[in-house]
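Below are structures written as structure tokens.
Presented sequentially are two complexes of subunit A, the first with subunit B as partner and the second with subunit C.
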Partner chain A sequence: MTTQTDLPVLLPFTLGSSATPRRKACLLRPATWCSILVVAALAGAATANASASAAIVSGVIPTMWKWAPLVLQGFAFNLLVSVLSMAIGTLAGLFLGLAQVSLYGPVRRTSWLATQFFRNAPWLVLLFYCMYLLPFEIEIFGLTILLPAWCKAVIGLSLPVMANVAEIVRGGIQSIPLTQWESAEALAFSRRQTIWMIILPQCLKRMAPPWMNLYAILTMATTLVSLVGVQESMTMTRAALVAEARTDLFIPMYMMLLALFALYCYPIARWTQRLERKFAVRD
Partner chain B sequence: MGEIESFFVWLNEAHGINLSIFYDAFDRSRLLRGALTTISLSCICLVLSIAIGIAGAWLQGSRVRLVRNVVQVYIQFFRNTPPLVQLFFFYFALGSILPMVQDTHGADVPLISNFGWAVISFSFFAGAFNVEIFRAGIEAVPRTTVEAAEALGYSRLKAYIWIILPLAFRVCLPALNNNLVNLVKTTTLAYAIGVPELFYAAAQIWSEVLNVQEMMNVLLVAFVAIVGAVVWLVARVERLLRIPGYHA
Partner chain C sequence: MLKSVARLASLVACAATCFAPGAIAQDTFAKVKERGTIVVGVKNDYKPWGFLEPSGKIVGMEIDLVDDIAGRLGVKAELVPVTSANRMEFLNQGRIDLIVATMGDNPARREVIGMIEPPYYAGGSNVLAHRSAGLTEWADLKDRRVCAVEGAYFNRRVTKLYAPELITFPAVPEAMNALRGGNCIAFLFDATLIESTLAEGSPEWQDFEMPLVTEDPQAWAIGIRKDDLSSPFGEFLRKLSEDWHASGTLLALEEKWGIKSSPFLQELHDKYKTQ
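Showing the complex of A and B:
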């Protein structure tokens, strides 16, 4: 679309062009990040104990260590829920996104409506929706399948993921130049072939960063399932705090939980940014 | 009003669609109060988070490396941890070390109420995203404009307030819109610490009247309405601030 030229006057003018000396967003190295978190947790523990005796200060770290396996177990469950919801949501979202570029008006409009609905409803409301309104068992061909609470929670979280993935897919497809469609048509590809063999493979690169971003958001949203009675890392943390019944543990224990999520999600965010930058140059 | 009420009583008896909020004055007032709490919570957080975003973006352009790093740690911490755990951290952990104060009746109450903690928590959460949004907007302001301001003798702060921010604000409105909608949706989390907002009120009603499905739908409609109002408001602001011929 731009003509080959080295004359600056002929180059298209864009706001905030590369000529602007932008201050590089200083990203923290993972090592720095880890040490900051550890220091913050210790500082939190120390401030909580500032007025308490030294004996209690020495008790905080061992107590946290004692409960760490339980919290980690809960965190592993968080990750399981996030991976399952992401898988279901991505698969459903892919088709919902494709339906939004369908040639049939009713399909296009219905899928648009569904996407907007699930995207704009709060995650917590959708989660409660699924928890209360899905049956606890379903019968398919005389076969009774039990739906435990955590399965319903996975479905509840995958609904907003589906809608967001649908938007990512639609955005990705629409970002591909029209010429690609036209050349595919000229080469006698059918519409289905064009989408699956030409358009989607090109979209993948553009869709990866927002998709990863969504995964990080989902991972953080998995703590919501503790509110509907499914046990995960936050339930474990709270249970540990109840069992210990020590107010000085509140800050360090919650810090530990926050640090767990930060340690998992921050690298994803960093990687996402790197991919974004890499792809931005090539486009 | 009598007709509306009798219609919903009939709807319940004939079809089993129990919308108690339309014929039960107590349920209605509970839900309306909840809606009011959600709206005020959203509005306060909205203003505070934008203020945090503007201040943070200015600090991020600071010449002192330490200030920039502190802002960066703040952003990364709040962006990469679950808002629900942040809320619990603020309410249970930080709330536990604050002293109790006496209210007008002489009863001991916490220094900051659960509503207050919700405001603090969500403002910092949304503020972290707003800082990034404003930074992107500031980067979009042409360097030459900033230089012109410098040449005219503006200090860094004055140039930020009078030249850069007004231009950057317009650029980042679409992204800000997204984040503010997200903020409104996040306010439902206040349910977890017992703030009587819309979701909490609805949960109270459905656990007493046993009309989960109806209340869920009411809730979704209510949130679509509130989110719609925010989107409309931002669109209005966008149109109001548009400079003819400046930006596409």
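Showing the complex of A and C:
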């Protein structure tokens, strides 16, 4: 009698089949995904309009089309915020992660504390702190630097990104076998050389998938900045709803926003999965 | 939760500004002229006072007032969309020079910022409700589910007096959608917005009404930093505000934006006309 399983060791051996069923079931094909979105959008629009008159129904698509440029503009701003926060967070996180494997106790402990603090604080609370604690203008040597709200939002979002990247870097470094360190030592590499030339290059491929995952999460979290008064796609959608003053638009408009984020983040998720699979086989 | 975080953050921010007095020491009047722009905090989600056009431009009655201020100063107006939760922080941080954003004048706010008198409008609170809810007086709200918007000044008063079960939303569209979805029996908000919603005659609101007597009139005033109150900048805005009433500018704008004519504006018009 055979039992259901996806463990390769329990399955009959066949030549050339390396992919396990579990992996195949992981993700839907892009075409399937797109059709799900379209159906969901239509369903949302349909329920919203169920009670409204036919005249209103016919106006939904043109109205959404009318506001689409503005929402897209807001969405582009979300992407800008996500890219900037990711860049700043990655750079800062790299050093924070390296500090966590430092040979000096105080450096190691301080960086560990900072990482734990920013990693476990709610993103929105960090945003609030940055918005209201950072000044609007900074004067350095008589030079006035303006710090508009969206810059503060970028800083606010890059803090948790920094802490998460630090953990990714630390985990990556610690996943490299100790023998690599020992061999480097034997070949007279300094510690700095070992890290930058031997350990980090090997970590890169292991760190890429979680890093991309983090980016996708960050992109979706950029809508949080609407809560601290920065104008982005979420605020634009809301303002459009106010200007139209029609509740039947509510669900379709937010569905449009959802679709934008899903269409942007989904390829990242797929790519991440592909990288994971690729590296998993080689390791 | 969110509001308490915001409140905590604003407290901390107030404390922080005490230690950074140099940032806004310069007179706003001179600063605006030198810069060539006046930065104004406005609403972009409050029809017909300040709302968006599909082009991305903010328009509305308050925007017309801002344009008048900028025109008389001979500078350009830069509009910064603000919310009820962040406008006073933005002002005190120096990010904006003044607030023209449907802001009610009350003692608690006067502790933090300065208010220009005379006010340019007065709003009151009321509810939008389905006819079948059968509301006739404010006391009918007791223990019923009422939708509201976070940060609105009348939320606290209404909760205290009439004890409804208040469900708050981040913005007007969400709250109105919840009302239509039957999540609450009424939507508590500013009477002008409810009036203009009903006046549009859209079929989706034909079964709804504004059943109660508008209560708690609140004057809407231009907000400036406290130290600007006694400066030429504050003086200029006070004079301008009086002129708006005397010349009938506000009455004309009210009609232009389809706002139900308010006795308050008429009263002030008569008062300043004779002076």
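In this text, the second predicted complex is superposed on the first by the 258 of 283 C-alpha atoms of A that agree within 3 Å, B and C clash if a C-alpha of one lies under 4 Å from a C-alpha of the other, contacts with A are read in each partner's own complex, and residues count from 1 in each chain.
Throughout what follows, a residue touches a chain if its C-beta (ideal position, glycine included) is under 8 Å from a C-beta of that chain, and two chains touch if they have at least 3 such contacts.
Everything numeric in this text was worked out from a predicted model, so none of it was measured.
Superimposing the complexes on subunit A yields a three-chain arrangement in which subunit B and subunit C clash.
Residue contacts after overlaying the shared chain place A:A269 against subunit B, while subunit C stays out of touching range. After overlaying the two complexes on the shared chain, residue contacts for A:L187 are found with neither subunit B nor subunit C.
Once the two complexes are laid over each other on the shared chain, residue contacts for A:F136 go to subunit C alone; subunit B is not touched.
Of the two partner chains placed around the shared chain by superposition, subunit B and subunit C are both touched by A:V125.
In the superposition on chain A, contact of A:L227 is made with both subunit B and subunit C.
In the superposition on chain A, A:F250 makes contact with both subunit B and subunit C. Applying the stated contact rule after C-alpha superposition, one finds that A:I61 touches neither subunit B nor subunit C.
Legend: residue contacts after superposition of the two complexes on their common chain; A:L91 is shown touching neither subunit B nor subunit C. Ranking subunit B and subunit C by residues of subunit A touched puts B first.
Of 97-105, 115-123, 133-141 or 223-231, the segment of subunit B whose C-alpha atoms clash with subunit C in the superposed model is 97-105. On subunit A, the surface touched by subunit B in one complex and the surface touched by subunit C in the other have residues 124-125, 128-129, 132-133, 227, 238, 241, 247, 250 in common.
Of all the residues in subunit C, the ones that touch subunit A in their complex are 2, 5-6, 9-10, 12-13, 16, 20, 22-23, 44-47, 51-56, 81-83, 85-86, 89-90, 93-95, 170-174, 176-177, 180, 197, 200, 202-204.
Residues 51-53, 55-56, 66-67, 69-70, 73, 124-125, 128-129, 131-133, 135-137, 139, 148-149, 227-229, 231, 235-236, 238-243, 245-248, 250 of subunit A touch subunit C in their complex. Per the touch definition, subunit B reaches subunit A in the complex via residues 60-61, 68-69, 72-73, 76-77, 79-86, 88-89, 92-94, 96-97, 135, 139-143, 171, 181, 185-186, 188-189, 191-192, 199, 203, 212-213, 216, 219-220, 223-224, 227, 247.
Of all residues in subunit A, those touching subunit B in their complex are 15-16, 19-23, 25-28, 33, 36, 44, 47-48, 117, 120-125, 128-129, 132-133, 216, 220-224, 226-227, 234, 238, 241, 247, 250-251, 253-255, 257-258, 261-262, 265-266, 269.
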